[in-house]
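Provided herewith is a single structure, encoded as structure tokens, for subsequent inquiry.
Just so it is clear, A, B and C label the chains in written order, and each chain counts residues from 1 on its own.
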């Protein structure tokens, strides 16, 4: 079953073509990678998929639904969650609150029941909190629930951000360079974590990553983009041998 | 009908000149520091008072013999006032704003400090000089030129030309000189600038010098045009000039310049056709409308957020 | 039993205050100061919601206070008293005691609606544009009031003392103390409940990283709107209480200086701290009154004092903490939600 379908996706920034006629499909229960040189337009693709940009041309169809015109919060309610290249946790809120706020789309109570503390409000708040604590426990970070993310080590912040994205129960998880800034020991741990998340949760993962170790050991398929165009896609071994990819990464004249 | 319009337009240009000069100061400081310097309007008032004392002194008040003709007094008063006003502005920056910045306070605390500094200037003035209003001396004789049924005074022409000239000078400084480029660099990235070996504090002081001397100039011109001084004269004109700067697109001096004239024209035109008590109501509604249509202001560029 | 501690404390405080006023232990002047404290607490906590928790910079709070003050004053004068402007009372004056809170709430709703109008354009803008829009709105509101001659224009509007007299026909108690106290507690509860809910935590998320908030499913535009309306609505209620406390309103008393006072209280207390705003409101009101004999010096001394305070505590009295964060033992004593 196709989960995400990207058709002729083009994004122009005042004349600059960041993404150009990109076509990509993502199936349910897939772990896919997106790689490419710096500035190739990878994050732009993610920004488009999470509704932060509106595409100049083309369509993004998620579970049969066109994302055009949807605001990011609506997209996330449909089941696309993401992390960011440079961790964007709410640094002055506790880890638990970070997880809570990410459930905004299904609070299920109105302002009236909020102010009057109706049973419905109390029940929903309890449920949401319970779910958040449960998640923290699964990931063994419940000890830091009341900590501020700013005080946690970098690797831990990455983990919290992934948990925050998972807390909304996404069908598609976008990871934007999850290994950026991690030391090699932490990278191994991250690989285990992502694999574990993929095994435990019923979702697809699409990740941008520069570290080949991460992509090659996790992804079943990899897409490569350069200058906003898809130049190759296939299994990790196919990608490693593709002359197009080698050219894009190392340049023409080196070979 | 056409004559009335032209006459009003001339008045509006004069009135807009004040707003423009003040808005320039707002926008300079905002562009560099992202600080809404709410004391700026009161710096204008201080400028007017400084000009009052200098010119009175030179004209032979306070026991000084008057040995200079009126035009020479004016020619001396303008630069002296600009220098002294910028001293006041820089003092404010050194004493009140910079320490807070150094402590890493939220920038809104600096804004509140600016508001408080403005109150101190207003009420301190009232305390020192008393509630009686000061009459600004006349230094040059008024000459009225008549074109058809349109009247233009030499003062009016002077004010408008000075505003335009100051804008040109300022524009040159910002775009062509080293320190101007440093100012723009800070507004782009204030963390990278010190790493490039640019003395950031010097540039900030220079920004305040520029902004405050513009305020001083506005103070003199305002006092020449409306020769009654009182301590609260800068308050409302300052708030309004700030709004003008934003409508023009804050952080861009072309925007401030244009915004000032736009506000001036709107205000004068409203008063020309409606009861004067409607001035604020209509003028600000129009400004809000402009901002609704063009949220970044006329010259402002939308910033893009990077993820 | 700790959940009853705070309500009991509040009831004791209220009855003491009303008793003191009833037996004339504290004279009208002191009563007025106490009332101002209560009103200022509403003003500062409500502005804190936007400027502290949400991190926007709203500068025209007095505009919303003015809307609330005028709407509720006009309503209460027209409904419960005989006035030159509106003629005979529309309702029997005996109803004043029951109708007054309703009138106040309507004033608050009117202010919230004004807040909606002001906030709408501000969503397409960023950063300090809200400052401008609220300053302009403040000017527009004042200017509009001045131009409506029916409600007194620049001269102001009066007759609210008679509303109080009408209430006193019902029972002779210090009504204003009761109302100010009730609405002060109510608005603190509203803000507190809002900010401690998951919904309200979205406000904090917006301040800390708006982009992340929007992408993590927070409907940022709606939250901003709701928050701004709550803030301006409560300001409107503060306005209604203010108008009925002093018995007349004048457009000039809601100018930017009044907005500045509200700003000062918020930043003096500490951005985002409810207890900070409360403490700052009390301190600031006392400061204004204690320094009154200094006359004009007061208006130099207070700003100077504030500048000095900010130099030593550049995060306000409380920072972003609450009293219970500083004195954890308080948590044992109260459970206030």
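Keep this in mind: contacts are C-beta pairs under 8 Å (C-beta built on N, C-alpha and C of every residue); 3 or more make two chains touch, one makes a residue touch a chain.
Everything quoted here is computed from the prediction, not taken from an experiment.
Student: Would you mind checking which chain's C-alpha centre is most distant from the centre of chain C?
Tutor: A
Student: If you tally C-beta pairs in contact for every chain pair, which pair wins? Let me know.
Tutor: B-C
Student: Going by CA means, which chain is nearest the middle of everything shown?
Tutor: Of all chains shown, the one whose C-alpha centre lies nearest the global C-alpha mean is C.
Student: Approximately how many whole Å separate the CA-defined centres of chain B and chain C?
Tutor: A distance of 33 Å separates the two centres.
Student: In whole angstrom, how far does the Cα centroid of chain A sit from the Cα centroid of chain B?
Tutor: Averaging C-alpha atoms per chain gives centres 49 Å apart.
Student: Indicate the whole-number Å distance between the mean C-alpha point of chain A and the mean C-alpha point of chain C.
Tutor: Chain centroid spacing, chain A to chain C, equals 43 Å.
Student: Among the residues of chain A, which are close enough to touch at least two other chains?
Tutor: Correct list: 52, 84, 88.
Student: Mind pulling the chain C residues that touch 2 or more other chains?
Tutor: Residues 211 of chain C touch two or more partner chains.
Student: Scan chain B for residues touching two or more other chains and write them down.
Tutor: 307 - these are the residues of chain B that touch more than one other chain.
Student: Looking at the complex, which residues from chain C come into contact with chain B?
Tutor: Listed in rising order, the residues are 51, 57, 121, 124-126, 128-129, 131-133, 135-137, 139-140, 142-144, 146-147, 154, 211, 256, 260, 263-264, 267, 271, 296-297, 299-300, 302-304, 306-307, 310-311, 314-316.
Student: Would you tell me which residues of chain B are touching chain C in their complex?
Tutor: 30, 34, 36, 96, 99-100, 103-106, 108-109, 111-113, 115-117, 119-120, 122-124, 126-127, 239, 242-243, 246-247, 250, 275, 277-281, 284-285, 287-288, 291-292, 295-296, 303, 305, 307
Student: Please give the residue numbers of chain A that touch chain C in the complex, ascending.
Tutor: Interface residues on chain A, with respect to chain C: 50-52, 71-73, 76-77, 81-82, 84, 88-93, 97, 100-105, 107, 109, 111, 114-115, 117, 121, 125, 128, 164-165, 168.
Student: Write out the stretch or stretches of chain C touching chain A in their complex.
Tutor: Residues 190, 193-194, 197-202, 204-205, 208-209, 211-220, 226, 320, 337 of chain C touch chain A in their complex.
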